[in-house]
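A short write-up of the structure that comes next.
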């Protein structure tokens, strides 16, 4: 399975090749099959240690990685920020080095600052440790596993048996909301345009600066478009991805009110009539019901892919841990 | 083992049948035997995921369920309220649905509000998810696993080899203390009267309103009695169950002082002379020593069943998880 | 492996015999070999329950014990102080007895008060429970597993194949810093002088009272020396162990400032020139970089043993859990 994999750290999707995306999709697909069995475990990472270093609180992402690691039979250590050495003045790099010395094989790291994962990966490489770093969200920078589970969800929807990149070629995908602060949007821009989809970003000007137009990777087949009004962005869209709105943006005067946001950018059944007939809606969660998306739409299993995204998350994270975990074994 | 089990959710004991109690007692008894072996694990729930959603802090109950699940070889996810998506505005139902989508098979749920477990169970059924909900304490409503471990403890005491419901027929059991706020008392009223025991509730009038007289299930053989004075309640009792006194009741003016409570309702060696010669004392824990019960009595292994209750808890929770977990497999 | 082991609790190193140290070193050495394999697990404690009762927050020590227990295939329960029954008024002994009744085989306990581990061990013995207590740090009293991992680290450095006590005979070891408040220093004094090393304590007079001179065990071959100036303490030293400086000491007026502390007692490359040519530096972590030790020195793999200490920690804790865990089986 995917014996050609060579990437050690999963930090960003900016430079992923089409072959890497295909390996990931294939591997996740085979794990999805494992998850449908009665006994959902494989011994692939038995005896290996996966350490979750979550400096920023998170429930769903940490649980998803923890379950993925356990189903690969790895041992899991959870670093709890509240009761940590950090309150005792230790640096983040020293915390990581301590867990390295205990025997960690893979670090899953979330931090409120962009670049922390890169810094830890650099240090681990400098020490020739051989361990892998998996970015589970660093500041406003990237959240690769979220974008990969979105990709997997979409490809499976288009061909359940054989999810692959080309299925998204020429599709129109709108990403709606607070683009500026979203690591989910940044990672999705890379993966979706790599698959050949056209990505239409839309949000209020305070949350979608013009500079995003420059993000596109010119070697990608898909193109990037910016909108400040919702309608042209979702017109004829195949998929609409709404982003979580952080309530604290309001106190920073970047948004007038939740109600006004919903009126202008909220996804409703009425608005989806602009899209393709079989349009589907995605959201990385957790959702503010009635803000990013109307409550009835969120619960409509025909339109909403939210549950599938969460389910895909376990298979995709198993695939990522498997690919980088068995890479180490081969070295 | 108990192949006739059909109940999917454990929310309340109000409508449990005698046959269900007997299945539970038998299954717990066989797991108690497993726990006496050197290797205390069975593979019954291998690959299944038990998710503890504890919205209210708890140590002993969560640990007991966690250990029970691990000994059945399940994978356990713990939802930590402090670092959760709830602080991000997600609804409780959406949190549960997220863990469902990750692959949860059984939810163990504690919440400070009565009815939350029912609401989640209804939603899970509506989604035809097939998962089970186990109420680990919802507000002042019910705490079924606590009442079942009390029942198991008492039946084992009366016949260690063959614990069964009829052993409690005609016994007098006093439940002492803050009945009003106690989910433990409510669940015990159902199970003990179903077993044919007479249950005598006693506490200060502010904590034992008259309306409790109406709680009795008329089809149960055991009867329910209310007392505001301790003596008639424990006179000739076979068992005395004291309830934990929440210190915050005092600030609400429902109680004058801990000292006065102990003087009027505290269980002491002297007072137990009113009871049957071999009377035993139970307490769900954690105990306020010298308040609900005198400290020396609590530590007297001849009188106190407190440790046996905790030990029974693991076997009873293994039995509950096993019964609902293997039910799913057969469906 | 080490079938002559008879000690049930690991509370203090004050009365350890040479034979016990040798058993520990040998057992840890064999587990270090296990940890170098691809599958790093052994089934030694399968079905046993190791409960971490950490009343004081800790990341590294708890994770190290948790990983050690998992690699011996034990089930691990973690007691979280924040969400605990302690806030509900339960005594520490009652908390321990609750976890005993659930089926705990080994308790790993950290508490801010000296003597708590002894008190729990006494109670467990009184109850003839057969369980073991492992002190993971009690107030300013002892931290045996830390001193044993320091010992193992030093002995392995001197003979990687066959780490044994006599290797430290006649070595000079300086322990620098806040001796008064350090449980690490106290435990190390016992183990290092038992090995025949001479231990030179050094720190400011407020943090190193004269009474420490009386700590030495006269039957030990190594001797204890006190210094208030750094230079004579580290002159010709083979090893320098710096202790963590608690920042809260400053607010208590025991220390003028971090900067002044570093100027007088900080370990720097310049100062190490006073020591033996191949001197090594130890620190129990977490480190305040630039306070106890200069930042460049800490990262110098030729001089610093800090990573090896952490790695040794897992093997030494596996050895301790194994020795007391299999003892129980044989009883």
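As written, the chain order gives the labels A, B and C, with residue 1 at the start of each chain.
Quick note on the criterion: contacts are C-beta pairs under 8 Å (C-beta built on N, C-alpha and C of every residue); 3 or more make two chains touch, one makes a residue touch a chain.
This one's a predicted model, so the numbers in the text were calculated from it and none came from an experiment.
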Equivalent interface positions on chain B and chain C, same or different at half: different
Rotation in the CA alignment of chain A with chain C, degrees, nearest 5: 120
Chain B and chain C, separation of their C-alpha mean positions in angstrom: 41
Sites on chain A at which at least two other chains make contact: 82
In the complex, chain B residues that touch chain C: 35, 37-41, 57-60, 63-64, 66-67, 70-71, 82, 244, 247, 285-289, 306-311, 313-314
Residues of chain C that touch chain B when the two form their complex: 46-47, 49, 75, 77, 79-80, 82-85, 87-91, 94-95, 97-103, 329
